[in-house]
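Each chain carries a letter (A, B, C, D, E and F) given by its place in the written order, and its residues are counted from 1.
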Amino acid sequence: MRIAIVNPNTTQSMTQAAAASAGSAARSDTVLIEVTASTGVASVESHVDEAWGALSVVTEIERCEASAERPDAYVVACFGDTGVSAAREAAAGPVVGMTEAALMTASLVAHRFAVITMPKRTLRQSEQVVRNLGLEHRCTVLAVDETVAELAEGSLHLLDLFTAEGRLALDAYDAEAIVLGCAGLADLVGPLQAALGVPVIEGVAAAVTIAEGLVAQSLTTSRALTWARSSSPSEAVSA
Amino acid sequence: MRIAIVNPNTTQSMTQAAAASAGSAARSDTVLIEVTASTGVASVESHVDEAWGALSVVTEIERCEASAERPDAYVVACFGDTGVSAAREAAAGPVVGMTEAALMTASLVAHRFAVITMPKRTLRQSEQVVRNLGLEHRCTVLAVDETVAELAEGSLHLLDLFTAEGRLALDAYDAEAIVLGCAGLADLVGPLQAALGVPVIEGVAAAVTIAEGLVAQSLTTSRALTWARSSSPSEAVSA
Amino acid sequence: MRIAIVNPNTTQSMTQAAAASAGSAARSDTVLIEVTASTGVASVESHVDEAWGALSVVTEIERCEASAERPDAYVVACFGDTGVSAAREAAAGPVVGMTEAALMTASLVAHRFAVITMPKRTLRQSEQVVRNLGLEHRCTVLAVDETVAELAEGSLHLLDLFTAEGRLALDAYDAEAIVLGCAGLADLVGPLQAALGVPVIEGVAAAVTIAEGLVAQSLTTSRALTWARSSSPSEAVSA
Amino acid sequence: MRIAIVNPNTTQSMTQAAAASAGSAARSDTVLIEVTASTGVASVESHVDEAWGALSVVTEIERCEASAERPDAYVVACFGDTGVSAAREAAAGPVVGMTEAALMTASLVAHRFAVITMPKRTLRQSEQVVRNLGLEHRCTVLAVDETVAELAEGSLHLLDLFTAEGRLALDAYDAEAIVLGCAGLADLVGPLQAALGVPVIEGVAAAVTIAEGLVAQSLTTSRALTWARSSSPSEAVSA
Amino acid sequence: MRIAIVNPNTTQSMTQAAAASAGSAARSDTVLIEVTASTGVASVESHVDEAWGALSVVTEIERCEASAERPDAYVVACFGDTGVSAAREAAAGPVVGMTEAALMTASLVAHRFAVITMPKRTLRQSEQVVRNLGLEHRCTVLAVDETVAELAEGSLHLLDLFTAEGRLALDAYDAEAIVLGCAGLADLVGPLQAALGVPVIEGVAAAVTIAEGLVAQSLTTSRALTWARSSSPSEAVSA
Amino acid sequence: MRIAIVNPNTTQSMTQAAAASAGSAARSDTVLIEVTASTGVASVESHVDEAWGALSVVTEIERCEASAERPDAYVVACFGDTGVSAAREAAAGPVVGMTEAALMTASLVAHRFAVITMPKRTLRQSEQVVRNLGLEHRCTVLAVDETVAELAEGSLHLLDLFTAEGRLALDAYDAEAIVLGCAGLADLVGPLQAALGVPVIEGVAAAVTIAEGLVAQSLTTSRALTWARSSSPSEAVSA
């Protein structure tokens, strides 16, 4: 099975980190394909960045679809699930966003849970995904106010900040698990779980197992209405 | 007061139709600036199209902001409010989406109302705006299954289809007003109102009056968190 | 255009303050008509007061409707939108409540926002309007525990209390704008905006611009069902 | 125990019908006091009527409270629960609205149920009570489009209309019980139950048993905040 | 009238305490029948315990139904309403859970209220009942972290803990009444009401008055769909 | 990896059918363990049956946990997710209900979808799971009114009934995928998908892939609060 890990930003080290997290949970015979946005923004930290990111997701998926070795499924590796709906129209196989995957996974191991995202200005974008899934009554979104650029070389230096916010989630919001709210935080899973004593969920790892499951069930996006194949990209032209 | 009417697609005749509708409701001293996407898709009818459209909105607004005569406010003339959040980060002045404006306006003149959008595959995109505004208990979304391309020369030929769907909205959903769910339908307002006997709301006209009101109150987008000014567009680069 | 500013209580100085706020945002050619309840309560601070206030709104609007110079639209200048539904049945032109207008306006410039109302016992009445509009997920209601009678000579002496509560709204609830939750607080707009650094919205000013917009669009209340013209007032008789 | 049945309109025959229904369910030693609005409207069928009705409720309760034999509790006998919040502020003892009582009672004997109200224009007023109680997911509101004035001499002539609407509720909405949505329909309980084969709930009967229960538990309205005793009625004066 | 107070656990002293609370509010001619689970768990403090408790409720009700003196109605005396839906299928007469009864009663005397349950791990179980009734917007659930076994000899030694939590409910959540969130807390009603100055509601007392009311209205569970009589218990066999 | 497929009823052929469906999607190296309730009901078709079923789930899981070869994870193979919360307390490894798994899976391949359950009286039980997951706005529950006993020898004879209901789901509710609402319907997946042209989801197959994913991520139920290990089963005794 071939699963593409699509990073909507142009920072290759983030794609590698996401793919590494996916690899830690994927089946041994799953082939992970790293896909990095070829144009766009270096990190997605605003709604403007999301506009760039969503188009990058579509463009890269169209490229993959046209390639000789079309992936069986896609994981969109950006918290906020930028471009996931559009990706579903563009891809033949199923598409799983890391945020929806993380939230569903959390709901299976914890009654209440918290997302800790970053930077703080993206709080409402994460909440939007929570609300679309209808999980407002079970999920709180908190934030560490650091830029995603901070994560270029890993996230372990943020452990204290995440532990403090996680402690708040447990004490003040009765969270029983933590969802890491950014694609570059996989190396925090172990240390944070140790520090807090509750499950810590990384969305790319969660998403790759769910994508594997969809392929195993021979399921892909319904074309009945909302996510019918979109008109061809050649319609996007200069005026 | 200068208000830009931003059309996220590349079809200039749609921009003109939107601006004409805005002009029918705008104050006599308001200057309307027609802004058409210079690249992107010819009409927005899918999530992939929305990815193109959102970036067009951002790009065109950044261009306007950099111009000598910066608009005092913006109206995004695409049902579904494509790119409106990003636009708020990019613009100094306030931004009003035609969908949110139409729904708010409808809620002031009717307890229950219906959106009639097109084509049918965009039903859920309109519902998403309804849900973001919390108006699910007052608004039903129906659709006429024609493409937006149909509207190049006006929409009067669709009157029978809209009347039939509007009648359904009144009879089966207790709608008491109709919101036209596409930017190119302004010429239906009068005939449909005559046919159905209830208020018919056109979002661009609604949005321009609300934008005027925000400027009159000296209000613009809060920069406190969610819609803080975004990082500069120069960060969007080729990898 | 003639817009009546209807104060449901008998305190004329409050009508004047509301009309002044309306005047600060209204078009230069809009004529504002001050309407004060001729009987009823001196201020609306409880549900019993609201019963008096709602009937005052109806009675005064019926008087205006019967007058030679019928207003084109009405603004109900009482936080909680007392009597607005009844007003819609009684008036030929559109009716806008200051609360609904303020909440809609806030939602266009801030993702999350807070109402600061007074006195504290009216908290739930404001929340009811928020809930009717479906904005619970974006709006928090806080209160300063002073009586409305406090506002007879202006509200500047309450600036510190409102600033403290506003600071709480920003810090604890991520509010990005503040809605003033009482009709007599217009003179706080500037100072509070300066103190908090976020938009501060005054509902009467917001409402008058929205009412102007409805008239500009030739829209009025739908008579299809909920707000059909009510039976004539002469049916209200002594037993 | 003394329980006042408060009819917000001026039609005494309706008070008598409501009291008769209350009497059919009340304890044998409960004394029912019939209270008819001394001024106001002959029936409550619009929002304007509700403004009159709410004030009638307050006025009559204040009169009862000042009387030598103060009731231990009040039932407000008008579908829509007109004036109930204000009544809680005005009365020393507990106040139960017939609508909230009927909905709670229905929820104990049926998972889903339907209100059949009249006339049709009051549909949204009943739904408002449903929404305030949070029962939207279990209750549908339907209507028979007859005026309340129709009920002056009983409601048996409406049996066919109610049976037809009830059948629709069972078949199309999976309702498992019916709530009669008007105060004058008590004589329909038996025949409609026989026709439909599901429980039929009359709100005044339901409310009087709940009011008895509150008195038996020595419970009355909390004065902590929302329904604290209101300012004295003498504050309501001519300007 | 004969009303069975069904305790889903095997601790007879708890049944007695529940019946005593019921007796304090019941009509003088109501006969209360104490029913204790003959097998199962000593107290219900987890979801596993609830599985035992629900079956105990069904089994004991089937026994009562087969007895010579079938009760007219049942009260399930366990916070969380364990087994109430199954009980409705098993019993000929109406069934009232102490949690739903308490929440409905609270909603009639207070706009916002709080449940104080115990132990803390059952927080979400109480919230589930709140959510099923749709009262999330009016009710907060807090907990004292003591085991139910603590209540074998009464609950007065927990007064300070409940007072502290109740104070928090009033101050931080604007609660205006308190619901005791466990069947064995009836002796706290008076002291806690005195300490906090707001109504304190005990669910078994509330439920018995509501059950009396249902019988007085000749209402029982609808058999139309969800709670149709279940297949006979003899179908439950060893494989 | 060892995953137990737990059937809460005593009908072994249903366990076999569920395990076969799981096997069709499971990894080749996953060992599926068939677990059939040793006591209880032959099929779960009412709330009383659910009381039996939930206890069966707990009892069988406790037996598995005490066995030499403890499963790594559990799938509860009963639509309605009977006993899943209790199972989480009883099991060391993660527990996935077939209903929650099916709904999550559907939400990834279809914006709107429908459950088709059976018999009709269980409609509300399925809806309860939908509501707990917050998916009311995306999922409709329909039913075929046949008993589960019908499924002893497979479900192909019900294809026409399911196709008719599925067609209704697509046409009247805009469903874009179908969830089979009973554990014994796996042989309908292919034919129904062929008949309707949209994805058809079988919950046991969905659940086993999700359970595999949880194990691959080394995730299990949080013990922080709601699903902390329950008190030992030995506490469940005869009185």
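Some notes on this structure:
Following the convention adopted for this analysis, contacts are C-beta pairs under 8 Å (C-beta built on N, C-alpha and C of every residue); 3 or more make two chains touch, one makes a residue touch a chain.
These figures come from a predicted structure and were not determined experimentally.
Touch-path distance (fewest steps) from chain C to chain E is 1. Both copies, chain C and chain D, contribute mostly matching positions to the interface they share, with over half of the numbers common to the two.
Averaged Cα coordinates give chain A a centre that lies 43 Å from the centre of chain E. Centre to centre, using the average C-alpha position, chain A and chain D are separated by 52 Å. Computed centre separation for the pair chain E/chain F is 30 angstrom, with centres defined by C-alpha atoms.
In chain D, the positions touching at least two other chains are 111-112, 123-124, 131, 136-137, 174, 225-227. Of all possible chain pairs, the ones that touch are A-B, A-C, A-E, A-F, B-C, B-D, B-F, C-D, C-E, D-E, D-F, E-F.
Contact residues of chain A toward chain B in the complex are 10, 12, 36-42, 45-52, 54-55, 57-58, 83, 85-86, 88-90, 120-121, 123-125, 128, 131-132, 225-228, 230-231, 233, 235-239. By the touch criterion stated above, chain A contacts chain F in their complex at residues 25-27, 94-96, 100, 104-105, 107-112, 133-138, 170, 174-177, 197-199, 201-202, 205-206, 209-210, 212-214, 216-217, 219-222, 224-227. Those residues of chain D that touch chain B in the complex are listed here as 123-124, 131, 136. By the touch rule above, chain F contacts chain B in their complex via residues 111-112, 137, 174.
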